[in-house]
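Both of the next two complexes hold subunit A, though its partner changes from subunit B to subunit C.
Coming up: the complex of A and B.
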């Protein structure tokens, strides 16, 4: 791609270089100079209607929009003169005149641009002596969203999102002048799979998320970046969670999932599936070790459970029967975990039965959501796995140890059939983050972590390898499969020093890159 | 005495019919123009000093020159017939009595710029005029002045009439384009300007009805004579629409530069009965008000600018001593609050807020501080809105507040 020539401009006397064609606002933001704006969003063409981003340009008598004026060589821009600050104050005064000021009950409070800008440029006493216009405060505009027409500042980001991104055009601006309202067209509700982005896109608290409304305050939330595991797109997300309070704990940790900008994959957006289906992180979690011997529960900690697994495998090594180990993997495991599983079970133990059990495919859409319901199938293929499904029938007699990762078997087979098949297998180990009907059928259940709780990398449907770090701490006795596998490798003792080196995601990734060209190229 | 370029046949029986128009040497300008090189026509229009009659007064020839000569896209002409400026009725008279002169202008302008499709965007309320235009277009087509190969020149042009739906803002040229495209009539962000990205993203010329009706005049009388009729750089005549407390309200075609005093007292017959002049809005409601002792101003763009007002659409509203400036202010502010499109913050909220204060002023439920607030808010709109409507509202409000503050204050004290 041909690089565009650079242009030198001065913003508040600071020399800033920007690509030709960029706007003053873009150049300023890139240089760390904030210019307030509400209607402008990087994903859309400038609209120039909020009038908050006006700046002074030397040689031009009127204030100019920084969101739509492109940079020109030698341009001298001022963003903090009295005139500019007064203009901003004037716009804020207009916006706040009719604003309901219900910040104490507004979900946006704490992350509201109008609030932030008022702190910075406003701080005036209201001279609005009229009574504020009442408008609808709880308009249901779709399955996930409520629109408060009083809080709305008519930036039209939502309207433009529906027109330009989803191209479904459910929203419009109705009436004229002071009567203007954003609303859905007659008989329409926002039902597309990207509706949740509107609540994130709204710079004020006009569009709120039904899922998040009145649940908590934004300032209690900690944010952690992660990769969405619910399909193979690998959208970047931020998991927003609550630590709870000193005097009482909360029934859950995660309060919402939001998108993280990634121009290569998901831009500013995520789908509603990725946004709203996060309850698995807190609900029905397997957090304790469940071990049964002769029908009786046995107390065990994580290290002991790991030891137990290693011991059972070693027994087969002595009998030279490791081919009778069956492993069921899944594509929610990271590249690193799958790599270790391959090393241990395929290369070292030469187990005959390596299967995959994933969630069945569902319909995708033509934007972000793919039909695969697991994030790392591409990674498994690149690692050289034959991603064949577990065949329940006629295998049980050839299996001495069954090690199952994840509880997806339940999604693919009838529980009665699983129960029947499992009765023939002497050692049954399950490593899973979730409770399921499968768990009581196993004699050892080791709780594991979700992608949001661990480090590693995933290979998305287009072959993009993305590293991720823990956004949450794994609950109870949950440990990542990476810890389990590298511990198991060490515990089997045959290759102790090899696995001792592979106890972190980075170390495994380095080894993986040495061994496999695909990952070497992605480094 | 003075030239009647546009209103010569106002009042002539069936003046809108093509046979009457042709008898008066009609369409001779088109016949002649089609033999001239397009670029020479543009030069002639520039030389004539024809400034836009819609309000902004931009030189028409210069505007035409902005359209790219070489483009793969079609070019369009949009005739702004959305005459909505309060106090303005000139285009209505031209289209009612003299539609073929407008068509001549459309044909010549299209030929000069290389346009084959023109739209007349006419305000919705002018329903019967739209009908008359359609009939007149049929006549022009039948006579070979529109359609394919006009008068054997090889030049093709189609003209369509499009009715608006009753929004003042659609007289703003880019809102007009949006409306014509079938969208909500919101003004566009400029740049790009319509000359390069206009109707359906194609290069577009937008001219007012009166501007175009002057084009055949320039071809007929020549740029010099046209220029000399008016002022330097502001040639020709204007159709002044005089309304208010005068003896003879009506439209008067007079040379650019005629003084406001002459228009009111000589042509419109002076004040009605015993009424005394208090103030004049000289160029449609957006033009800042002049006081009775400011009316010796020549009615041209430059002279009115010096008076911090504007010639605008030349709609003159005469206000007498018995009319309360509070009422004037109320009418003005109500209009802009109602007509703001609502997309940009200062205009949407500013106008509605000011109108609500003015209503309290009118009801004597306000104090002097409220008057200061009106001025402060108007100043916060001025020069800070997306389209000229914000200024069009702020300027007359500020002028009334400045020139008639004492009257408004004494109203509050009564």
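Coming up: the complex of A and C.
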């Protein structure tokens, strides 16, 4: 591809280089100069409806819109002159003329751009004596969204999203002039799988999430970046969680999931599945170690549990019967965890029975959502697993130790059948973040962490390896599978010095890159 | 040596008491003759039989203001919970059917065990829903649970 020629312009006396065809706003953003804007969004064609991005250009008598004026060689732009600030103040006054001052009940308050710009450029007493027009405050426009027509400033970001990104065009701007209103077309409701992006896209609180509605306020939430594990696309997300109050316990930790910009994978968007199905992070969490000996529960801590697993495996090593170990993995494990599992079970112990048990595939769509419901299947394949699906008859013959990761068996088989298949196995270990019907069938249940709570990397369906760090603190005595596996590797003592070096995600990633070409190329 | 110091401190204490006595007597006598001074002689109020009037800007037990129809004025914006330095306010919002109200506090708890009566919540409230002018200042209790005020008690 031929590179476009670069153009030199001056913004606030600062020399900025920008590609030909870029707008002043884009050039300024790239140079770290903030120009206020509400309607402009990087993903859409500029529309110039909010009139807030006015700048002064030398040689042009009127103020120009920086979002739709392209750069020209030698252009001299000023973004902070008195004239510009005065104009922005005027624009804000018009925007706020019809905007209700209901910030106390608005879910956007705290991250609302109109609020921020008023603080920065406004701070006026309104000169409108007339009362504001009343419109519908709670209009149901889709399964996940509520539209407040009073708060809308008609920036048309939502309309453009529907026209340009999802191409479903459910939304339109109706009526004219003062009566102008954003609404869905007759009888239509926004039902596509990307509707949640509208609430994130809306610069004011006109479109809000039903899911987040009145749950908490935005300034209480801490953000943590992570990768969405609900399909194999690997969209970048930020998990917003409440740190809690000193004296009062909250019903949940995670309040919402929003998208993080990644031009290679998901751009600015995530699907509704990734956005709204975050409840697994707090629901039915296994937080304690649960061990049963001769039908009686035994208290055990993390070290003891690890020790127990290692001892059981060592017993088989002495008897030279390590082929009687069965391991059920899943593709929610990170590359590092799968690598360690491969080293321990496949290379050291030479176990014959290594299976995968994942959520069954569901329908995907042609945008982001894939049909695979596991984030790291590609990683497992690249690591050299043959990803055999687990079947109950696999463990019918002589198995002495069964180690199951995750509770996905329950999604694939009926609990009664699992019970029957597992009864003759003497040692059954489950490592899972989620409490399920599988728990009573096992001798030892070790709580583990979700992807949002650990560090590692995932390989998405297109082979992009993404590192992630913990966005949340794992609850109770949950430890990541990485800690379990490196602890187990050390505990088995077959190859102690090797696993001793692999106690952190970074160390494992380095070793993995040394061993496997695919990951070396991705470093 | 220690004994001398002991008596010295006792005498010093008496001196302080005596100084207060004579200074107050002096100002009371001036007042008796109608001479206006900036400082006035101290007067002991026999609390709790006698009570001094509270200043109009005093801060006492919180109360929740009501709308005309008796519903709480609070819209659960949680600004008070945000500004509270002792984190003693807990609010859970719920959806109100009336489109003019939309949001109301389903749970509103002020834990007086923790409250430091700074009055920030009153200042922060955008709806003037919480005030600290009930003149109830004797809030001691034998039971900590009785000092956790929920919305019904705050509305009383």
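Quick note on the criterion: the second predicted complex is superposed on the first by the 522 of 523 C-alpha atoms of A that agree within 3 Å, B and C clash if a C-alpha of one lies under 4 Å from a C-alpha of the other, contacts with A are read in each partner's own complex, and residues count from 1 in each chain.
The working rule: contacts are C-beta pairs under 8 Å (C-beta built on N, C-alpha and C of every residue); 3 or more make two chains touch, one makes a residue touch a chain.
Bear in mind that the values here come from a model prediction, so they are computed numbers and not experimental data.
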Next item on the list: Please work out whether A:95 is in contact with subunit B alone, subunit C alone, both, or neither, and reply first, second, both or neither.
Entry: first
Item checked: Contacts of A:177 with subunit B and subunit C, given as first, second, both or neither -> first
Check: With the two structures laid over each other on chain A, which partner does A:397 touch: subunit B (first), subunit C (second), both, or neither?
Finding: neither
Note to self: Contacts for A:186 in the overlay, against subunit B (first) and subunit C (second): which applies, first, second, both or neither?
What the structure shows: neither
Check: If you count the residues of subunit A that each partner touches, which comes out higher, subunit B or subunit C?
Finding: B
Margin query: Between subunit B and subunit C, whom does A:217 touch in the aligned arrangement: first, second, both, or neither?
Written below: second
Note to self: Under the contact rule defined above, give the subunit A residues that sit at the interface with subunit B and also at the interface with subunit C.
What the structure shows: none
Check: In their complex, what parts of subunit A are in touch with subunit B?
Finding: 46-52, 54, 62-63, 65, 68, 87, 90-91, 93-95, 97-98, 127-130, 153-154, 156, 172-173, 175-180
Notebook entry, point to check: Okay, in this complex, where on subunit C does subunit A touch?
Noted result: 75-79, 81-82, 87-88, 90, 93-95, 99-100, 102-103, 109, 111, 114, 126-127
Next item on the list: Can you check the complex and tell me which residues of subunit A touch subunit C?
Entry: 102-105, 109, 136-138, 213-217, 219-220, 245-248
Item checked: In the complex with subunit A, residue positions of subunit B that touch it -> 167, 184, 189, 337-346, 348-353, 356-357, 360, 370, 373, 376-377, 380, 383-386
